[in-house]
Amino acid sequence: MTKSRFNPWTWLWVTVATLYFFVPLWGTFDFSLRMKRGAITFLAYQKVFADPKFLQSFRYSATMGVITVIVSIMLFVPTTYWIHLKLPRLRPVVELLTLLPFIIPVIVLVFGLIRTFSRPPFRMTQTEFTTDILITAGYVILSMPFMFRAVDVGMRAIDVRTLTEAAQSLGAGWLRVLLSVILPNLRVAILSGSLITFATVVGELILADFLVRPALGPYMVVVGGGKAYEPAALGILSFGLTWICLGIIQLVSRGDVRLQPIGR
Amino acid sequence: MAFLEISGITKHFGQGAGAAVDDFSLSVERGEFISFLGPSGCGKTTTLRVVAGFEQANAGSVHINGAEVSSVPANRRNVGMVFQAYALFPNMTVAENVGFGLRVAGQPAALMQARVAEMLELIRLPDYGRRYPHQLSGGQQQRVALARALAVQPQLLLLDEPLSALDAKIRIELRSEIRRIQQELKLTTIYVTHDQEEALSLSDRIVVMNLGRIEQVGTPFEIYNYPRTAFTASFVGHLNLLPVQVTDAATGACTFEGTALASSQPAPNKQAGSARLAIRPEELVLGGAGANRLSGRVLSVNFLGNVVRVRVRVGAVELSVDMFNERKLVLPAVDAQVVLSFPAHACWLMD
Amino acid sequence: MAFLEISGITKHFGQGAGAAVDDFSLSVERGEFISFLGPSGCGKTTTLRVVAGFEQANAGSVHINGAEVSSVPANRRNVGMVFQAYALFPNMTVAENVGFGLRVAGQPAALMQARVAEMLELIRLPDYGRRYPHQLSGGQQQRVALARALAVQPQLLLLDEPLSALDAKIRIELRSEIRRIQQELKLTTIYVTHDQEEALSLSDRIVVMNLGRIEQVGTPFEIYNYPRTAFTASFVGHLNLLPVQVTDAATGACTFEGTALASSQPAPNKQAGSARLAIRPEELVLGGAGANRLSGRVLSVNFLGNVVRVRVRVGAVELSVDMFNERKLVLPAVDAQVVLSFPAHACWLMD
Amino acid sequence: MTKSRFNPWTWLWVTVATLYFFVPLWGTFDFSLRMKRGAITFLAYQKVFADPKFLQSFRYSATMGVITVIVSIMLFVPTTYWIHLKLPRLRPVVELLTLLPFIIPVIVLVFGLIRTFSRPPFRMTQTEFTTDILITAGYVILSMPFMFRAVDVGMRAIDVRTLTEAAQSLGAGWLRVLLSVILPNLRVAILSGSLITFATVVGELILADFLVRPALGPYMVVVGGGKAYEPAALGILSFGLTWICLGIIQLVSRGDVRLQPIGR
């Protein structure tokens, strides 16, 4: 409505948001470089990487992350597809359900998991392997909102229902429709859901702590409690990892010209 | 039994809801072009989706080429479908889209390529095989969707308002393309639309629907010139209605505000009294020497392109008169007194 | 200066993009009904939005009633706007929607109520004041949107494809409603559409646009019967084109495949050679005794309602011939040999 | 496609989901009632309510929750509106930004906040009041994804842009458009965003712990570490609170017939 393209309010907002996000980040980064008094060094980072426990916990968390992503995709892509196609009236209910992990404190989830599955008949906390199954189940629940939403938005963007009917009328069965028509058009959505899921698992704290598994989150808290500069370095590292993930999403979705709408 | 036999289809959505389709029966011969015509929510699309296999009817049966298909899933009915929203697969090129059905059927690559080329030729986009759908205009996308549906040589082609999303000009172009291709391939076709001009110009027969029921089935000429229900008469084309007193039910003679008028058909209820005399705007002539003559005052002159529609007040009613545009035409002036005439065979009595 | 004066409007979206509107100038008199007609992307909506104040032009100026409005925000231009998507406020009743503009202007409640009642009367929905938009049909919602725009007595009424989202039948009904209301209130109106029939039937003058530029401005009769550019001729109405050899550029005499034809206007470039003879389908007569006669074979007969369109192959070209439907009409048979005739004044030469 | 309406797969999914969610919940609930050996009692609940620290921390968290909700609404409704209207191309970027709290581990955020704002020139951890400001800022960031998304979805549902232009053409200025046209149509969206924000704040753990404020999350962890039955009772209580919130959202959105689309 206003004539100028450089609305001062827009710029004010952008500035405030930038400060809000990046001042703390810059503070952390700056601090992480000052381990050696009076010099700017990457000593804190070296110490982090030198700690075998860091590598061990990172490897553990990364593995769990990949497993969680795979399970999530296998669970949520068909489910979401099914809901879009057959039970659209159920969508709001499912959407609410997938929000539960945000709303129920993780700690309640952990209590519930431990209370239920550490007792007979399950006794799943007895061995490392079964504990890992349990923890994966927990991670899948925690990442549910991201995966469901990403896939849901992706499906809404392509009118899944009409595409499915078109493919069916050409003779394609369910599996064919899913693999040839639906999945290729959800590439970006699934990738973005996966990366966020991965990042969530790698950063998760409470579940691994209570189930006593060597994950990155609890390790960071231990380091954070006992040391000063290493946690800052860890924070910056995990932030960097995150931005790499986001960068990949952006890159892929920009390259995918086929998802762009026609004209303006 | 006809090629496509739809018998007593009834469909409710949910308990308590009225019937979306109510006891729909129709026989379609091989190679016929049938339109389902009606306003939004009249059940035409639901009926089409039952035939396609995307909806299950609550009652009734569908036979295609003699076989009951109610329990055959959509992907084994061999029925081509074209959607209003084009529904091209965005991840595939035009050629891949058109070839999709053949690939699903496991046809060899050479045959597939030849068939795709042939189809692209048919829709007059032979050089567009390598493009992606988003690089095409709406009209081109719908042509490709048509080619895709035809590539598998379906027994039956179903079109669900295929032109509604397009501009007026492209709509008319693509309309004649669809008709040309249908006639070339002699395909049995069902076409769903709310646009009477589309239905009239394309179809061998039209099924006029309202509130889930069939109002009338007939050729465009029959539907337009001999509507059997008040709904059909008012939904298809413009209709002038004169409130008249029937003086002789057997011959169809009546009077309008004192002027005697003749119609060539008997009154529908075979008795004298109040009725309405129906006449199409294009049968009325300004001036002229028809059997029936009325005089009135010009209210407005509306230029529609090839046709000029003049509205004339005659007594208490307004009548529309259509005349062809001519470059030399002198349009009647607003407020001018004019005489309208029409032959007896052009009008009919309705309740 | 005219009531609405648009001068040299140019609008680009982003660097490098072509001009969406290119040097658009137009003078509109008070009370005129102007249509912007053109295909999608021709810049008609962008121009309208510049007038409404929703877009800023890169160059050019808009004067309403003598005042430069380029720097006046949309909410102070006193310009009524009707959108394709209705855009009624879903949280308000029909009466609250219609009264919104008056409430914003701080009018007293009594005056507001009276005005709302008057507006609902005008759109013929007097008893709908307490309903919510979602309880109305599409056509009713668009009527309410019109009433809402009119309630504030705008200097200018802008309509952006107001009928595109509606069914064919309702489109025609509402079209005449819009025209009636516009004439009752003598409102200066700009109407954007891609539908030539809408533009022809509604407008005092039509602005035909293509690729951001004005092709022609004129009355419907002028635009249709005397198109000045090839784009206008082909976009508005159907046009038959015969490839002819001009034999006498001064009189407009020419030959088509050996048959001599007369046109009443000189050739546009004043010289002999190849040209195209243009004639509208409704000026061609089957049989008849026009000055120009051609013989050919019937290809197809298309029933369009009040008009029947016959396609005839004459030599190497296909011509369309329009005739009025009659109940007694015997349609020409496909493949029959027919003679077409047309008067010299009905055709013109184009390059 | 299949003829039967009672697809066995649908039911399998519903059953699995139900078990997945409700078995742990039931286990926790059952456990919480068994504080007195051999009897079913609400003793654990009585103990929870008898603890003054519970009430104190609950009151603190609830207050912070309400403040966070108010700040979030004031921040995100105008911002989202502005983005929808003027900078639609920025929407994906902002969407990514609002996802950051999911991706950056909370612990990094906490480190950043403490490092930056506990030092000069801010020194915000010196007094309780300024610490609370800091913690509110943190909560607003954490709840950003919910509030932004809820408002964003709400705005997309009503075609904000055309409604705004319609109101403007009738003479309404910005404030009028926002208050009379936009906000009333976003009631449900804002309410649902608010309730989720509130639940998030009440359940939040790490931020309050590291900033040493008496919130409900840290209290639950302390109780969970030292006792057996009370944490189960607490879990059930917080789950109940959550469901009440969800119930309110459902109730309001169902009552709001005006948001239903026309016909089918």
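Labels for the chains are A, B, C and D, by order of writing; each one numbers its residues from 1.
To be clear about the criterion, a residue touches a chain if its C-beta (ideal position, glycine included) is under 8 Å from a C-beta of that chain, and two chains touch if they have at least 3 such contacts.
These numbers come from a predicted model, not from an experiment.
Asker: If you take the chains that touch chain B and keep only those that also touch chain D, what is left?
Answerer: Intersection of chain B and chain D contact lists gives A, C.
Asker: Which two chains meet at the most C-beta pairs?
Answerer: Looking at every pair of chains, the most contacts join A-D.
Asker: Could you state the distance in Å from the CA-based centre of chain B to that of chain C?
Answerer: 24
Asker: Taking the mean of the C-alpha atoms as each chain's centre, how many Å separate chain A from chain D?
Answerer: Here the centre of chain D sits 18 Å away from the centre of chain A.
Asker: If you average the CA atoms of chain A and of chain C, how far apart do the two points sit, in angstrom?
Answerer: A distance of 53 Å separates the two centres.
Asker: Can you pull out the residues of chain C that are in contact with at least two other chains?
Answerer: As it turns out, chain C has residues touching two or more other chains at 53-54, 73-75.
Asker: Going through chain A residue by residue, note those that touch at least 2 other chains and give them in order.
Answerer: 1, 168
Asker: Show which residues of chain A lie in contact with chain B when the two form their complex.
Answerer: 158-159, 162-163, 165-173, 176, 180-181, 184-185, 257-262
Asker: For chain B, which residues count as touching chain C in their complex?
Answerer: Counting only chain B, the residues touching chain C are 39-40, 167-169, 194-197, 200-201, 220-221, 224-226, 235-238, 280-283, 302-307, 309, 322, 324-328, 331, 343, 345-346.
Asker: Any idea which chain A residues touch chain D in the complex?
Answerer: Listed in rising order, the residues are 1, 7, 9-10, 13, 17, 20-21, 23-25, 27-28, 31, 79, 82, 86-87, 96-97, 99-100, 102-109, 111-113, 115-117, 119, 137, 141, 146, 168, 174, 196, 199-200, 203-206, 217, 220-221, 224, 231-232, 234-235, 238-239, 242, 245-246, 249-250.
Asker: If we count contacts the way the header does, which residues on chain B are in touch with chain A in the complex?
Answerer: 52-54, 73-81, 83, 85, 87-91, 100-101, 104-105, 132, 134-135, 145, 148-149, 152, 158
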